[in-house]
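Notes to accompany the following structure.
Every chain is named by a letter (A, B, C, D, E and F) in the order it is written, and numbering of its residues begins at 1.
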Amino acid sequence: MIREAVADLPNVEVDHFRGLLADFVRTRGAGVIVKGLRVVSDFESEMSTALMNRSLSGVDTVFLPSDPRWSFVSSTLVKEVYNLGGDVAEFVPEAVLRVMRAKRSTPRPAER
Amino acid sequence: MIREAVADLPNVEVDHFRGLLADFVRTRGAGVIVKGLRVVSDFESEMSTALMNRSLSGVDTVFLPSDPRWSFVSSTLVKEVYNLGGDVAEFVPEAVLRVMRAKRSTPRPAER
Amino acid sequence: MIREAVADLPNVEVDHFRGLLADFVRTRGAGVIVKGLRVVSDFESEMSTALMNRSLSGVDTVFLPSDPRWSFVSSTLVKEVYNLGGDVAEFVPEAVLRVMRAKRSTPRPAER
Amino acid sequence: MIREAVADLPNVEVDHFRGLLADFVRTRGAGVIVKGLRVVSDFESEMSTALMNRSLSGVDTVFLPSDPRWSFVSSTLVKEVYNLGGDVAEFVPEAVLRVMRAKRSTPRPAER
Amino acid sequence: MIREAVADLPNVEVDHFRGLLADFVRTRGAGVIVKGLRVVSDFESEMSTALMNRSLSGVDTVFLPSDPRWSFVSSTLVKEVYNLGGDVAEFVPEAVLRVMRAKRSTPRPAER
Amino acid sequence: MIREAVADLPNVEVDHFRGLLADFVRTRGAGVIVKGLRVVSDFESEMSTALMNRSLSGVDTVFLPSDPRWSFVSSTLVKEVYNLGGDVAEFVPEAVLRVMRAKRSTPRPAER
């Protein structure tokens, strides 16, 4: 899903891992973690996580400010709007939207 | 419960809905959503919700500062105090308190 | 300058006053003060001012979230960029820009 | 566990209670609640709790700033790192670490 | 002025000093600095000052939450309202108000 | 002064400029602006500046979290402590301290 969304970005690689991000980063030989920052309330928990990761693995985190036009779009809010029947096409990549729609049309086991 | 609490306010109407607030507001022909703001930590999530609602339905949200005497009273904190046996009569309307007390005297199914 | 910028908004009236906003509002018979909110750091001082105004004159303040695309544009930052020679045409109304340019071409007395 | 961690502090007493902290404090005849403050996001909820406790029992809360070297260490983050296999020896007292390790070596009922 | 405002509090002593608060506190043999906290924006600068004082002199600072009814009253805002002709009697002690009024009736040298 | 403080860092170059940072960055062909972030109150103004710089010159800013041990040390606070006679040797580089001391021993023209 993410792979599809970034398919046109040749310098992006998608991978998954179990365990600590700090360990994964070291395993891959990455020099730095990059995170986006939207709003003040993001900042403190991201800062704590960054300092924890530096303490655990010596890997630094750098932050990039997100585009202010989308500063109000969090994954939590998008999921909430979608679950209440709202149109979120403007806020998620095409590939993600397709998966979300597929999930909605299949009744969840608990609902049968 | 809310109806009772606002019974003496002739220009208030209580209604309930399913789905998105943004859709409900449009259905009712309302021009604006009014929210109270207590503290800084309210502000960012309310701001995101307001911008999302404007994006979804074109309806604006206006914020009213709450009375500072009650700035520390959130529904989460009141419920926590009440569940631990504290007296919350000062913080909730009479009608709400009556419902809370009725609930407490009935054992919950899981507790039997 | 402001008058020119809002000339095409028939329901806006521009006025100026000395003294307290709270007194001015009462004098004009206005029922409410409307302010825009950009960011968290705006919020606390605007909240204090709103509560002070309510305490002084009984007039409420309502807040409108500003468009997130412009959330980073404060008058302080625009003036700073302009004074350092930056192009601020994107951030200020035409009429304001004209006044700013007129001011810059006239040397200030202290600089002669 | 906590008793062991503070065993070398003669003026500290460890106790447990059910119900409201405000009630417990009054029962013990304590004059004041002392809390540590790490970061801004701690501040608002601790402030609300403090004001609620003052309202419920008349007991004041005083705040002590925590050591900035550990400002990024919350119990939530430590548990998350530990559950993902990270080394948290630097962040928790010896006695707590021993209990955490004992818990991990015993498979949880649900996992058998 | 402050002396007069606290005249009825037998356990309060008013003093003045030059230089660092940290040095003054040590000179007086005080064990702790007590500060009030109103709002989030107070918190960070007070926290920095507290940590600086601990670093300079080993003296801790404890914070007391201020009464939420007055959380919007800062000395800056009161002075601003007063200078614009507003009534601040509700927000300052009698003795301070008298001094403020005396100052206003004497024209400042620059205004003559 | 800064040159001396970073003399042992071979990959650091010190330069000065007039005008906008955004223009300077473009002139030097730099790809990115790097800033440190200490506390929440830094965050919002730095975020606004970063977004303004991106808007003016297309240059991105990345943020690095500062070491939490020094999170309470701002240049404003250090200057204030120093001017009140405090010892700031722990908080500033050797070279800066020498300049600060030289300035203090020379009476300022206005003070003669």
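Please note the rule applied: contacts are C-beta pairs under 8 Å (C-beta built on N, C-alpha and C of every residue); 3 or more make two chains touch, one makes a residue touch a chain.
A quick note: this is a predicted structure, and the numbers were derived from the prediction, not measured.
S.K.: More than half of D-F's contact pairs recur, by residue number, in one of A-F, D-E or A-C. Which one?
M.R.: Most of the contact pairs in D-F are shared with A-C.
S.K.: So which one's got more C-beta contacts, A-C or B-C?
M.R.: If we tally the contacting C-beta pairs, B-C comes out ahead.
S.K.: Can you check how far apart chain C and chain F are, centre to centre, with Cα atoms defining each centre and the answer in Å?
M.R.: So the centroids are 30 Å from each other.
S.K.: Counting only Cα atoms for the centres, state how far chain A is from chain E in Å.
M.R.: Roughly 46 Å separates the two chain centres.
S.K.: Quick check: what residues of chain F touch more than one other chain, meaning two or more?
M.R.: 39-41, 44, 47, 50-51, 68, 71-72
S.K.: Help me check something: in the complex, which residues belonging to chain B touch chain C?
M.R.: Against chain C, chain B makes touches at 34, 37, 40, 43-44, 47, 50-51, 54, 60-65, 68.
S.K.: In their complex, what parts of chain F are in touch with chain C?
M.R.: The touching residues are 19-20, 22-23, 41, 44-45, 47-52, 55-56.
S.K.: In the complex, go through chain E and note every residue touching chain C.
M.R.: 39-41, 71-74, 77, 81, 84-87, 90
S.K.: Which residues of chain B touch chain E in their complex?
M.R.: Chain B reaches chain E through residues 39-40, 68-72.
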